[in-house]
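Down below are the structures I want you to see.
Heads up, the next two complexes both have subunit A, just with different partners, subunit B and then subunit C.
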Partner chain A sequence: MKALWTKKAGIITATLAMTVGIANTAWAAEPATHQVTRHDAGVVQLTYWNMWSGIWTKVVQKMVDAFNATHPGIHVTMLSVPSASGEQKLLTSIAAGDAPDVFTEWNPYVAAFAQEHALLNLNQFMVGHYAGLKHWFYPVAAKWGTYQGQMYGMPWTMNTFLLYYNKTIMKQSGLNPADPPRTMAQLWADQAKEWRISKSGVVSQIGFYPSNSWDQYMPMFGVTAQDLFNGSKYTLTNPKAMALTDFMAKYNKYPYAQVSAFEKGLSGALGGSVDPFELGKAGFYVNGMWEIPTIQQFNPHLQYGAVPIPPAPGGFANTSWVNGNYNEIPAGTKHPQQAFEFIAWLSGYDNAAWAAKAYPTGGWIPNSPVITKQPAYQQFLNSDPVQKPFVSVMLNPHDQITPVTPVDMYYEQKETDMQDYVLQGIKTPAAALLHWEQDVNQQLQNTSH
Partner chain B sequence: MGKSAAKHLILIILSVLFIFPMFWMVSTSLKPSIEQLRWPPVWIPNPFDWINYPQAMNFEPFFQYILNTLNYGVLSVIGTIISSSLVAYGFARIDFPEKNVLFVLMLATLMLPFQVTMVPLFILFKTLGWVGSFKPLVVPTFFGSAFNIFLLRQFLMGIPVALSEAAYMDGASEFTIFWRIILPLSKPALATVALFQFIYAWNDFLGPLIYLNDQSLYTVSLGLQTYVSSYGTQWGLLMAASTIATLPIVLLFFLTQRTFIQGISLSGIKG
Partner chain C sequence: MSITHNVNLPQKPSQRSRASRAKTRRNRIVGWLFLSPWVIGFLAFALYPFLASLFYSFTNYNILSPPQWIGLQNYQQMVQDPLFWQSLYNTLYYTVIFVPASTVLAIAIAMLLNQRVRGQTIYRTLFYLPSVVPLVASSVLWLWLFNPSFGFIDAFLRALGLPAPGWLYSEVWVKPSLILMSLWGIGQPIVIYLAGLQGVPQELYEAAHLEGANGWHRTRHITLPMISPVILFNVVLGMIGAFQYFTQAYVMTQGGPDNSSMFFALYLYQNAFQYLHLGYASAMAWLLFVVILIATLLVFKSSARWVYYGNEQ
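Our next item is the complex of A and B:
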């Protein structure tokens, strides 16, 4: 029989394999990073992970570069981890004892990680020079990072949510743009005049539609975290939560499928991160301060303003639900003190002036009133009067957060389901809230130790 | 005639269903932003807007990601072919004590989901100092893969024993028989294993996510995620990058499908 595999073929194959292997020795060895790493003796090397991507990576990298330039004894190497399954990478690393020294995580994960003893208690470092950090932050910002009375996540960049209003659409609808809604009843009445839906059901303009998070309306209905969680279980079927959900249920008079298609269709315009309000297709919209630079970029002629979300009877005025990004130090890090120094620096402690200049590059709201008062941040706020109320609401004692529990992420996932049921009219508000409550309490029970 | 027409109709419908996501991906990649998620949808862009492709390549170092993935894919294919064929030959062509028990044990490893072994493996590779490189992804492929071993074993069992016996009588060693007789006859199966392994490596997300700690080493699957952020997805760029990422797999399939078909009735015994 003719042997198809000759010695020659074997040698060629082996040579190819060796060539590929040799060509990849540098690739298999310690990889080069885009920045020069200092391996001098005495320089503490810190690894820092976050889940920002695209342009946000560059904004954060500049901040890291600034820290490295001002701290010769510490060198931070940043890695941008894909947000999908990023927590899996993080938890695997922590379990294997190879966690980064610092990571930035979204607030719902703080309690879950803390419960699993995956994070260091930051209070232990707030002594001596850093004792002032205990009173540095806006109270509402500190709450999210605190679990069972201890801080595990240091607040970094915050988000508040206001009601944007389109002045042009208000005028066209016979409304006074100098008189945006000050109550929920006025919002309901005003927005009703702004919808444009054809006879065949195609939506071409939205008045107002509460498709964003239910939590964002908590302060407006007087709902507090204590109303929703009594310390051991969720209590979502309380009268105030019911009133909030009833408010959402009113909007199921608008065609859910068509509105969703309209919003998603427009969100794909101009690069995929633009919503109907930015394109001038919605009269009222609740969103964070990041909306402003996007409007400036994609629709600079849009005539708009922003006011705190108006309250309902019994609710609080000039407030906001708050969330943000938190810096955490995993348990098992080899350089906890230096890691803490890094996150304290990022938070603006010791360098409020720098933070006041750096935070606006990401469109972020500060974690501390000390930074807000800095001339650079005041200059940023004054550059566009629309920005000011986003920051001024941070001082309101009635600002709210979601209850901080180990099942925050699950709570938020099921919250989306609850909203969908209500907006589609599939469940009554009472039934939807009950379902949600039972679901998260079951999950809380499943994850308790 | 009627039955044939019905069969063809069903096949056409199924083909359209299966190919639709790919069509939508390419179509979206060629649309300007304003058309990408329009309702009613724009099925065929007019005119074609190619801007998403260069923008996608500049948004992230996508060519670097492709190169990294090619490296990973090629090396893992080499490792898989070498190791899996050797082990499969042993299970298929050599009798030794407790062969069946060992085979079942090997198959049992297929039952373990990656998430179960993820942390112990990570600890092992961390101890070896391999985390942060491609070694945890490539080196294990040189130690056999249960699925590929099983696939090759089944194929090798179909090759007539008489071929090996004839070679034994001519004084050939076991390795000679494997290298010069069995392996050449196994081209279709080897091509299948190679394709499966390459596609696995190309699409592998969890492995690179866990083991790679430098963005310059990221693979295509990780790179595609960078177009998705909590502040919005760059749909056009994502679709353009996805189209480019899919092309090598499609090309590979078209290049290798003949090999699969050729080996259907392969036999070396004549007369």
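Our next item is the complex of A and C:
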């Protein structure tokens, strides 16, 4: 009897322990979110995911809180997912039928997801009160989130890219800081005077090095998205793309390994968000407007300016390649209308005055000229004259984006390889472009249904 | 333990047999109940994904749409994919160099740590410590050490007037850099070899010493044969781990420069989660499984020639 009791007690104990263990695991797996929950009857609960972290999480959370405060019938709960695995988390949640209601995307996945019907077509909601959204955005902003003529990613905050120049290094190199480069030829000549490389090959100062994305130089060489993709396949070996790649190839005279190490080493030293320009170690640098608050944080005494990237012959002046943050509504959401209301509000539609005050908190460029013209945003621009050209280039009809295709992510990955080949002199520009073109077209073929 | 009260009462043979079977059945049920958490976990999180990936390897699957059966196309595509061959080469390069190097180094260090010297415990701790540092943290640390501009290693080499390679930023040096980093973290095999060394009977060494054997003879004919089962264990585990090398490449190089550190597992990951080619990635996973299986079987087959289990004549 005692033995029977002992055995039964053991089974019951084990079962209870397992149950408690599983319950604890499930509870512990709940994401740590900023919770301002309201479970009143009739309040629609929305889940919103983004990939921001650190101070950006707080900036975006304030925006979500502002929406919740002004929309009593909807409550949005925000979750910050790791940026390295954000899309994987979104994919698995869509596959599991448990996707968030809204997701902010900054990687080129819009077309890949849209092709698989994983995102809602936002055009269906742009009726009635929201019909004006079709013409709300800067034309180039709308393009990035549009696939086959339909919008799947609503533009939220935009990025443009200009050429920063270090006035102190220019003076030290015998250049006139009041005369930053206005052409690619001048940039090439000026930056050559600014390099500092020791006899043992150690880089201590960079003039200019095109280590950022090849796409960012598209408008400067007159390259358009239509030049690169003709609707059915990539056509990367065109003369304008070749000219752009030839420009990059000139820089293979500088030691690739040492320059990469210099740039990444400085970045790694301070948590990955600092580049050589911010630390006063680069004469010229292409980057977005977010560089400005980082300079203010890490090197407030830096003497610098920013101008549109100078054009090459045949290229366009005062333009920029554009990307940004886009809000998507995954398929399967239970509250598509409310989700659309949320992302339309974030985009500043109906509340441009709020957006004009909120966007500068993230150092972001508006998606619409209506927001740019608001007094609050103009005040922000006037507070630092360096900021103005980042926004003024948004009006240029020659602004460009990367072609929107289902293999955009693969295209970008292979673009990095192509740049590496060219900057190291391993392949000629023609061979590198051809390799890239064949690679992405093969991928496009593998992906098509 | 018996749960009957009437064990001492006389029973007919059929009654005893029935009672015995009932008892066995009860014990079996209890055993399965205790095993069930592990079994459920194994079925749900190991066996099912294992078999599912085999199915997906014959499909075009991007997780967003249902898988479409395409037969052997993924495997055919692998053969024609230059980056597949590059990743396989990079992984084999790493495995063929790292596994033997780590084996020799770990045995040598274990033999040193087996010496009775002052501070033995401190030395053992120091050699083991790197293996408890999380991989991601150690990757960030080594990013610094290997930096040609700011890193300690190149600064030291330059101070000695020696050439300072580009390490992780050089196509030629990136794989040796990662191998060096991995050799820094061989604390676990060292500890296992140390345990093996301490199991070698001292009488053998004494007898050999009396016979005039020197240090090398004792190592060659006593130590190594006696710890050969441990060597086999570590070689197999090391090989399996080397074939699946991923974290350091993902954190430190992302496969660059020029795919010279694009390892098989990293390329598999990119295909699965960046390019949304889960079918192709599943095919790669199964190929990796077969390669590891064949390599392991070859090592086991060869072990008949060099592993000594102590009870052999």
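A few notes on this one:
FYI, the second predicted complex is superposed on the first by the 410 of 449 C-alpha atoms of A that agree within 3 Å, B and C clash if a C-alpha of one lies under 4 Å from a C-alpha of the other, contacts with A are read in each partner's own complex, and residues count from 1 in each chain.
Throughout what follows, a residue touches a chain if its C-beta (ideal position, glycine included) is under 8 Å from a C-beta of that chain, and two chains touch if they have at least 3 such contacts.
Small disclaimer: the values here were computed from a predicted structure and weren't measured.
In the superposed model, A:T70 lies in contact with neither subunit B nor subunit C. By the document's definition of touching, of the two partners only subunit C reaches A:E116; subunit B does not. Applying the stated contact rule after C-alpha superposition, one finds that A:W56 touches subunit B and leaves subunit C untouched. Of the two partner chains placed by superposition, subunit B and subunit C are both touched by A:K264. Of the two partner chains placed around the shared chain by superposition, neither subunit B nor subunit C is touched by A:N382. In the superposed model, A:Q148 makes contact with neither subunit B nor subunit C.
Shared-chain residue A:T47: touches subunit B; no touch with subunit C.
Of the two partner chains placed by superposition, only subunit B is touched by A:K89; subunit C is not. Contacts of A:Y256 after superposition: subunit C is touched, whereas subunit B is not reached. Residues 1, 3-4, 85, 88, 92, 95, 261-262, 264-266, 268-269 of subunit A touch subunit B in one complex and subunit C in the other.
Residues 1, 3-4, 7, 11, 14-15, 18, 85, 87-88, 91-92, 94-95, 112-113, 116-118, 200-204, 256-258, 260-262, 264-266, 268-269, 407, 409-410, 413, 416-417, 420-421, 424, 426, 443, 446-447 of subunit A are the ones touching subunit C in the complex. Listed in rising order, the residues of subunit A touching subunit B in the complex are 1, 3-5, 10, 17, 20-21, 24, 27-34, 47, 51-54, 56-57, 79-86, 88-89, 92-93, 95-98, 106, 261-262, 264-274, 290. Residues 1-3, 5, 30, 33-34, 37, 62-65, 77, 140, 143-144, 147-151, 158, 164, 166-171, 256-259, 270, 273-277, 280 of subunit C touch subunit A in their complex. Of all residues in subunit B, only 33-34, 36-39, 59, 68, 71, 74-75, 78, 118-119, 122-123, 126, 131-135, 138, 163, 179-181, 183-184, 187, 205-206, 209-210, 213-217, 222, 225-238, 268 touch subunit A in the complex they form.
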